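Listed next: structures, encoded as structure tokens.
One chain, chain A, links the two complexes that follow: it is found with chain B in the first and with chain C in the second.
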Partner chain A sequence: MAAAVCPCRALLGGRRGLLRSLARSARGLAASKETHFGFQVVSEEEKGEKVYQVFENVAKKYDIMNDSMSLGIHRVWKDVLLRKMNPSPGTLLLDVAGGTGDIAFRFINYVRSVRERQLRQKLKHHQNLSWQEITDSYQEEAVKPLGDSQVVVCDINKEMLKVGRQKAQQLGYSEGLSWVVGNAEELPFGDEKFDVYTIAFGIRNVTHIDLALQEAYRVLKPGGRFLCLEFSQVNNPLLSRLYDLYSFQIIPVLGEIIAGDWKSYQYLVESIRRFPPQEEFKAMIEDAGFLKVDYQNLTSGIVAIHSGFKL
Partner chain B sequence: VRCQLCPPARALQASAALRRVSDEHKKEPAASSSQHQFDSHPTDHHPEQEPQGPRPSYTGQGGQESEDYESEEQLQHRILTAALEFVPEHGWSAEAIAEGAKTLGLSAAAAGMFHNDGSELVLHFVSHCNTKLSEQLEQEQKLVQLGETEKKTTDQFLRDALEARLRMLIPYIEKWPQAISILLLPHNIPSSLSLLTSMIDDIWHYAGDRSTDFNWYTRRAVLTGIYNTTELVMIQDTSPDFEDTWRFLENRVADAVNMDNTAKQVKSTGEALVQGLMGAAVTVSTAARALR
Partner chain C sequence: ERDGGGRLYPGHIPTSPLQKALLAAGSAFVALADPYRHDMVAVLGETTGCLVLPNLRDKMRNDPEGSRILQERPRIRLSTLDVEGLRRLPDGTLGREYLRFLEDNKVSPDTRMPAKFVDDEELAYVIQRYREVHDLMHTLLGMPTNMLGEVVVKWFEAIQTGLPMCVLGAAFGPVRLSAR
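Presenting the complex of A and B:
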């Protein structure tokens, strides 16, 4: 008899359990959509938190890890980005997810040298300068070495910004820099404020990429430029295999040895694979309203620079 | 719902920026050269965009792009035209283009649409000059057809056409050597060569050249040579109103026409000689036969 009762109860229990799990999943679907965190599936709120934790952990070793993972090539990529931007003095740059300030410092160096060249050209053209005029021009160079250019570094993660500010102090960058905490999906700036918007190796960590692109469109002035430097799909099959091998076998190990954090670097490598390829990302940028959208592959597609204009 | 409404709103906003810019410069000529082949005019296009409501989202960016494709090109032309006034100060460079963009109310970053070396600015200017020249020659031809002016001789026509074309360089003459060097850059040579040949072709066409034989090539080669050498003389000319250049041009055109006449003379002399020889041969052979 007990045996006869047991299966019934088991069945009832089973059905109740089934109902409970059904209810839970229905509630889950209504509450939050799911997204990817590397190769895991998580809810959208969770993704934001997890990404925050990743960068909080890696902030202090971020630059060293960049150098060792990319064998220093990331510096070349960032230099190419600046060359493509070719900013003139007086440009206002917004560097989103710019945490440790690599792009911002390069921007300042570039603008400073362009400004010096401009002042030198001006002096060359004037044949008969009085001493007063010469001193005036030197003063101008001293007072406005950047020619009113400014860069605002915006990052969601306070740890990364802290590291960036320390670096700025160490390297002696004092003016033309601002550090702001903000979310790329909801920027704390007014409309049409900036000439150039850059996001280097940051957009794949954003939960809603389309919102970030729309915000980028919003804060740019008419004629402004959107530039995105990001890992992308390698088009060469041989290189692609080597790259996969390197990414999944070596990088997390390096992460463990140098930064003591295997998981964060596993996330990094997986998130690169999850990011849409060049053409798809280009379509997303066009959807946000940008025109003349184009991309340039660097190192056979390991990274790509996407560029668009708000016209 | 938000996603559906957003793209069309932004699409209209994008076109609003372009329209706003175009309203400021309504006088811009529509098509600049044979390089661009759209036939509708900007002023016809934009009023059509107003009454349209938000487009359904499935049209997406495709519909938007095809309508604004013209405007992108024309916006670029407008920026380059505005940049020309900064060339004497900044040279043919990205800085001049940035200044031009700023006068149109755009950020200086818009200069990023073009090459960093100012190539597009020079090519735009050259094609603009060629168009102006064609229009001028067309006008002159109409006047001749209406009988209001005399038809010029070939060498006078060529001289005037080349002088008119070279005079267009005068406002930029100080920076013109830089422009020449940009035009000779390997990646620009196809475009600059095609602009040069189409200009020379135009001039010969209006000069009345209808040749279909080898003359077509020789005439164009000769005129190209005259134009290039005169241009080089002009950039180092310091005489008032470039008198030396025009005198040089006159001499070269006279040489060319002389050469042409001489060639014809040589040809006819040659033919006459050949006929003479043939005649002599016939006479000798007849006489020889008669003697036998």
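Presenting the complex of A and C:
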């Protein structure tokens, strides 16, 4: 797959690209293939470093910027993702690029409320309960509020995880939650460990998306589900123009005013345009081995949820 | 000379008129709400200074020392200052008092923000120079770096340079002063 992509990358690199590809073949298979960082052309190592710096810089203001840029709508998108996932108690979730924990906290809330409903239903259907049975069920609720569900938040960026852990402490999340530093292209987990794999607004920052998808396939149990929430292509031409105007004129200004960082948010809006559209990404997910791959557009395609199963 | 992307100098971020207007409004609001956001004061200066900076540059050009500064583009930085030499100067000299000001208030000329939104590289230097001599103004006026001291320096700079950011700072800064 890499061999087929190389000449395309050389052409995309522009006038310098042709010279570079000649130099590259002269050097043999050198390590510095080129890729994009927003609208810039950079080497693959550089992209990883630059992305790391972006998220290191924005970590503390990440949540407030999300609210400002999307006018709070990102919360709805994440709620829809959880609704689609519909996890039952006992689910093991791996949230990659999970940084500040938005998906993880929603998962915990969801399974907790499902669990509570389960216990309540059980009580309702037992008409002649002894006091002992009633006490036992309350014990169960107290001891296993999540019903053995667990979420592992994995992120390559230590600053983002730091913010996430602080948030967890402030909001009172402790059980069923763990934080791991890791690279989506090379996850520090064994094969077939998780029931669900999510990656929300993270995969477009990965240098080799195909590797991340392969890793997702590897760590999922058979029957496991892959879910990706990511910015995508807007299908409505009028909205697309307004969206572009908003993205390029307003968002970097917000970044400068709120976070004191224009460039990181300029990268963000550029990287959205570099990410493959819905159908192309669907094909990439299928290439990794997932079946029943489908996507759902939210807000006219500003965001899409892609889903696939390991069967 | 521009590199790819229309950048006129290192650190330059080209902006549309709409973006400049939004930056000016946003930075004014944040600078007043949170005076510790020095970067917002800097952005306000750059986005509102477009009419005044050419005047400052012309004044410099018409003065022999000023035009020499425009040509040689000296930068005031700890690495370019002869700190020990300044320390040996007699008390009451500008150099000695400047060093005393830096040490007493625990500030350094290296923390001045570089220009980003000025669309002319000579004017970017002019505003950079204004920022770097700011501490010298403090020294001349004998003002510390608290809110009151900064407002006094802003009044002085407003009259000296006519920069809208200084005028705004001088006019609205006192709002943040408590009645003591």
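Throughout what follows, the second predicted complex is superposed on the first by the 280 of 311 C-alpha atoms of A that agree within 3 Å, B and C clash if a C-alpha of one lies under 4 Å from a C-alpha of the other, contacts with A are read in each partner's own complex, and residues count from 1 in each chain.
One rule holds for everything that comes next: a contact is a pair of C-beta atoms (placed from the backbone, for glycine too) under 8 Å apart; a residue touches a chain by one contact, two chains touch by 3 or more.
Computed from a predicted model, the values in this text were never measured in an experiment.
K.L.:
Chain A superposed: clash or fit between chain B and chain C?
P.N.:
fit
K.L.:
Would you sort A:Ile134 into first (chain B), second (chain C), both or neither based on which partner it touches?
P.N.:
Neither: A:Ile134 stays clear of chain B and chain C.
K.L.:
So in the superposed three-chain picture, is A:Pro252 touching just chain B, just chain C, both, or none of them (first/second/both/neither)?
P.N.:
A:Pro252: touches chain C, not chain B.
K.L.:
Touching A:Asp210, do we find chain B (first), chain C (second), both, or neither?
P.N.:
Only chain B is touched by A:Asp210; chain C is not.
K.L.:
Which chain, chain B or chain C, is in touch with more residues of chain A?
P.N.:
Counted on chain A, the partner with more touching residues turns out to be B.
K.L.:
Contacts for A:Gly260 in the overlay, against chain B (first) and chain C (second): which applies, first, second, both or neither?
P.N.:
Only chain C; A:Gly260 stays clear of chain B.
K.L.:
Between chain B (first) and chain C (second), which does A:Lys84 come into contact with in this model arrangement: first, second, both, or neither?
P.N.:
Touch partner of A:Lys84: chain B, not chain C.
K.L.:
Rounded to a whole Å, what is the shortest Cα gap between chain B and chain C in the overlaid structures?
P.N.:
Once the two complexes are overlaid, chain B and chain C approach no closer than 34 Å between C-alpha atoms.
K.L.:
Where on chain A do chain B and chain C both make contact?
P.N.:
In chain A, nothing is touched by chain B and also by chain C.
K.L.:
For chain A, which residues count as touching chain B in their complex?
P.N.:
83-88, 90-91, 195-196, 210, 214, 217, 220-225, 283, 286-289, 291-292, 307, 309-311
K.L.:
Hey, which residues of chain C end up touching chain A in the complex?
P.N.:
Per the touch definition, chain C meets chain A at residues 13, 16, 18-19, 22-23, 26-27, 30, 37, 39-40, 43, 116.
K.L.:
Over in the complex, which chain A residues touch chain C? Could you list them?
P.N.:
By the definition above, chain A touches chain C via 249-250, 252-254, 256-257, 260, 262-263.
K.L.:
Which residues of chain B touch chain A in the complex?
P.N.:
Its residues touching chain A are 3, 6-7, 10-11, 13-14, 17-18, 60-61, 65, 68, 71-72, 75, 94-95, 98, 101, 104-113, 116.
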